[in-house]
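Encoded as structure tokens, here's the structure I'll be asking about.
Which chain is which? They are A, B, C and D, in the order written, and residues in each are numbered from 1.
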Amino acid sequence: MELKIINKKHKEDKKKIKIKNVEVGGDALVVFAGPCAVENRQQIMETAEAVKTFGGQILRGGAFKPRTSPYSFQGLGEEGLKLLKEAGEKYDMPIVSEVMDTREVEMVCQYVDIIQIGSRNMQNFSLLREIGKIKKPIMLKRGMAASIEEWLMAAEYIASEGNEEIILCERGIRTFETYTRNTLDLSVVPLVRQLSSLPIIVDPSHGTGIKELIAPMSLASIAAGAHGIMVEIHPKPQHALSDGKQSLHFEEFNHLMKSVRRLHEYLKKQLVMNNE
Amino acid sequence: MELKIINKKHKEDKKKIKIKNVEVGGDALVVFAGPCAVENRQQIMETAEAVKTFGGQILRGGAFKPRTSPYSFQGLGEEGLKLLKEAGEKYDMPIVSEVMDTREVEMVCQYVDIIQIGSRNMQNFSLLREIGKIKKPIMLKRGMAASIEEWLMAAEYIASEGNEEIILCERGIRTFETYTRNTLDLSVVPLVRQLSSLPIIVDPSHGTGIKELIAPMSLASIAAGAHGIMVEIHPKPQHALSDGKQSLHFEEFNHLMKSVRRLHEYLKKQLVMNNE
Amino acid sequence: MELKIINKKHKEDKKKIKIKNVEVGGDALVVFAGPCAVENRQQIMETAEAVKTFGGQILRGGAFKPRTSPYSFQGLGEEGLKLLKEAGEKYDMPIVSEVMDTREVEMVCQYVDIIQIGSRNMQNFSLLREIGKIKKPIMLKRGMAASIEEWLMAAEYIASEGNEEIILCERGIRTFETYTRNTLDLSVVPLVRQLSSLPIIVDPSHGTGIKELIAPMSLASIAAGAHGIMVEIHPKPQHALSDGKQSLHFEEFNHLMKSVRRLHEYLKKQLVMNNE
Amino acid sequence: MELKIINKKHKEDKKKIKIKNVEVGGDALVVFAGPCAVENRQQIMETAEAVKTFGGQILRGGAFKPRTSPYSFQGLGEEGLKLLKEAGEKYDMPIVSEVMDTREVEMVCQYVDIIQIGSRNMQNFSLLREIGKIKKPIMLKRGMAASIEEWLMAAEYIASEGNEEIILCERGIRTFETYTRNTLDLSVVPLVRQLSSLPIIVDPSHGTGIKELIAPMSLASIAAGAHGIMVEIHPKPQHALSDGKQSLHFEEFNHLMKSVRRLHEYLKKQLVMNNE
């Protein structure tokens, strides 16, 4: 694997990425949460409040949605970004949203703190190069059939244009198993940490597609060494315009936050003990 | 599968796509051939001559190459398109080349007769919409982990913007098998013909990655009902800047052309007999 | 790949396997046909008559059925083998049926002319060794997640015990695609012919799971170089105890036989022309 | 999924399986450890001592090894079982080893405390039925391309013959990713616990094939809710006759044991807190 910039040995320390008052890749566990898609002001405001209240650090929300069918809800577009920004400002949280088109990078950058590249665009090399030229952190999701080599090389594309502020996000790969929406491949967590200097988070919502699996897979991700998790939450999952089956209620999110924070505290203590 | 435009019942007949003097989707077998990447004038001129001489109808050649590593040869860009156009004109053949960026669609359209969407961009929905607005035929390759439903829906994206001139191209899917570069899924040929009105061709070069398999898989594709094949050829495969191992010498291409044309003639006669 | 016995270079010619008056691996196209499972005398007799009438050479029928659930119909067992043998004798065709247990090899051998090893047992090494010691031809189906190397090595297990009369059967592999039951991997046909001395047939019934795909995939298999095909047929597919959706009516089988035989005749002539 | 016996609702409590003084499926974390294959007395004795010393509860060791090539080391057979039994008795640990042939079940039962069914035999239904009739606990590994439904149905086969003492073992599935030997699918841990009454353990050695990944994946498995883990250890991994690259040194195993036991203690305490 011909990694020249993001390889581990290149850096003395692991990369730490600062977004306002949040640091991804450092000691803290970072939780990205929010709805699959921004639907309206009330929905995103209520959700932002829940994320903040229960201890999440970064607000996510889709404005441009990649959907299999052209006839499905495609997101609110720029209007969604405005609402997301308003919610992020009100609750003092950085926001992350996906960009799908080289021509929209500049516009999306006016609103968001972190640019998300979705799995369907992981090898959209024009887009990778374009976001490599900006000064915002990137969250690069793994393609659904991308090998770990291809994924790291996609990050290298971004870095080769000058932007090394990249957070990797495992979100499950496509396999023969259909009971879960995707197969969450947690072994990439220690692998990415071994091969590269980049932080890695895990998205168990897309990774499993089943809300009951989000809590155990979040704990597993953290135990495997993930720097954070990203989860979908919604005021009323059963009415969500997309991904309702894999979205948590606020109360479920509250429970999740408690258990992941405790586990992370425990693991940090272990690390200190082992290093003494 | 919510196909509204490209579904079969929508049309009395199968879609026939005219590109200059060539028709894809009709009675004739159409062979797309050329190098993986345009490398220089001599290479593309020699190759175009071979394609013409041995009976191919459409000249292919990459100018913008999607490569796993940012440090690999990325194609000649617009310069490559100029050379390809020159070769196409000299030998009176339509040309096809890939576009990877919404911002380059207009420019690429100035040179090529058919726009190719590569597998990595099959669900680049911005790009699909953009090429849905132009008046050129599209060749849409199947994504390496795309289900047949996702593939047809990607075509529906293009059609929903007004452009129904779409040729589908099966190029192998990603599976556990590593002996071949991909697993060529020929069952999609009759499936696409059953579900949609679009013509379908097969690319056994990428589909197998092994030059010895190109001839048998071309014959198999045609027997399965493909409207054409796309093969990589090169004056000196061992010196090709990309995909040398799966490229045919001109002489091998000559042999291939003879056998696929004969098989197609035979099958056409059978069809006539069965209908009488 | 450490093939010592079944590798190609070991033999001057391809292996030809004689079963009574039928030869697999020679010039003739061999069609194996019959029901998924033997259900009763009338069903197997009617089916055998149809196989014979329309030109099939080998009668297939399951007596011991590997089923996902222990509560599904498991086959008639030895009683099914008796009926199959009776049908084979009446219509003068060799018969093939699956064995699943080392302890039953001897018993099954009393009835059948070819022993089938199903995909779920492709790496049941005890069973492979056991049938390596007998004097009957073997039909070894590819495992649903078996690489070509593992498959050929499984054949090598049989051969290493002394039995080199092995017919390989491609029946589709398991991939992310769910529209078809399996993904038929026809590139193994030329690959097996290149790497080994064994004949190879293709089973488009299990390979696709969709009866409309059987004819085109049969033609594709033959064009790719298969020595034969194996298809499921049933007097009343809609009432079959298993695999009804992928079984052909007799009349559909009749049509299939006509087209595969004609294609094979054509290809044989081509070969002669090329060699002259 | 037609689970009649092993489904969750059928049981008031989760199944707890007692093997001598060890209980799998209860509160304790159970660690299965040992070499891939029993190679000689010294190797298995040294290994057993290490398993005992560092806190493992069950000694594993292969005597009948399923190998891709008939020319690879196939295990010591019954002699290996004798050595394993001797080691288990000396260090007072239950032992587990694989059986591959219905005819050998009785013999293997004379030595081992738990019968292992390997992934290649997960749908060897004759073998499943045979071990369903015995009175020993079974460890059923997931097939490398088995869906969760097929896996649970395989357990149902065993249970339907009367033996409900079944431990499931996730060991990775086969996907397109080749960097790891298999893709460890940890989402099955909570799924199995939700759908069935059976305990589940995880084998990160086969699941990843990379020794550096064993510790993080063990921790992740336990956080996901696994009842135990199975790891390969060897006195001199670099000289192991099989699977050396994924085997731990004793000292590495010691470290692993400390961290998994601590994590398990922590999680148990959390559970108590949550229930109060």
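Everything that follows uses one rule, which is that a contact is a pair of C-beta atoms (placed from the backbone, for glycine too) under 8 Å apart; a residue touches a chain by one contact, two chains touch by 3 or more.
A quick note: this is a predicted structure, and the numbers were derived from the prediction, not measured.
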| item | value |
| --- | --- |
| Steps needed, at fewest, to go from subunit B to subunit D via touching chains | 1 |
| Pair joined by more contacting C-beta pairs (A-D or A-C) | A-D |
| Between subunit C and subunit D, centroid-to-centroid distance (C-alpha), Å | 35 |
| Distance from subunit D to subunit A - Cα centre to Cα centre, in angstrom | 34 |
| Whole-Å gap between the CA centroids of subunit A and subunit C | 48 |
| In subunit A, residues with contacts to at least two other chains | 145, 149, 174-176, 178 |
| Subunit C residues touching subunit D - in the complex, by the definition given at the top | 2, 4, 66-71, 100-104, 120-121, 123-127, 143-145, 149-150, 153, 156-157, 160, 174 |
| Interfacial residue positions of subunit C with respect to subunit A in the complex | 145, 174-176, 178 |
| Residues of subunit C defined as touching subunit B within the complex | 145, 147-149, 173, 175-180, 183-187, 189-191, 194, 207-208, 210, 212-213, 216-217, 219-225, 259, 262-263, 266, 270 |
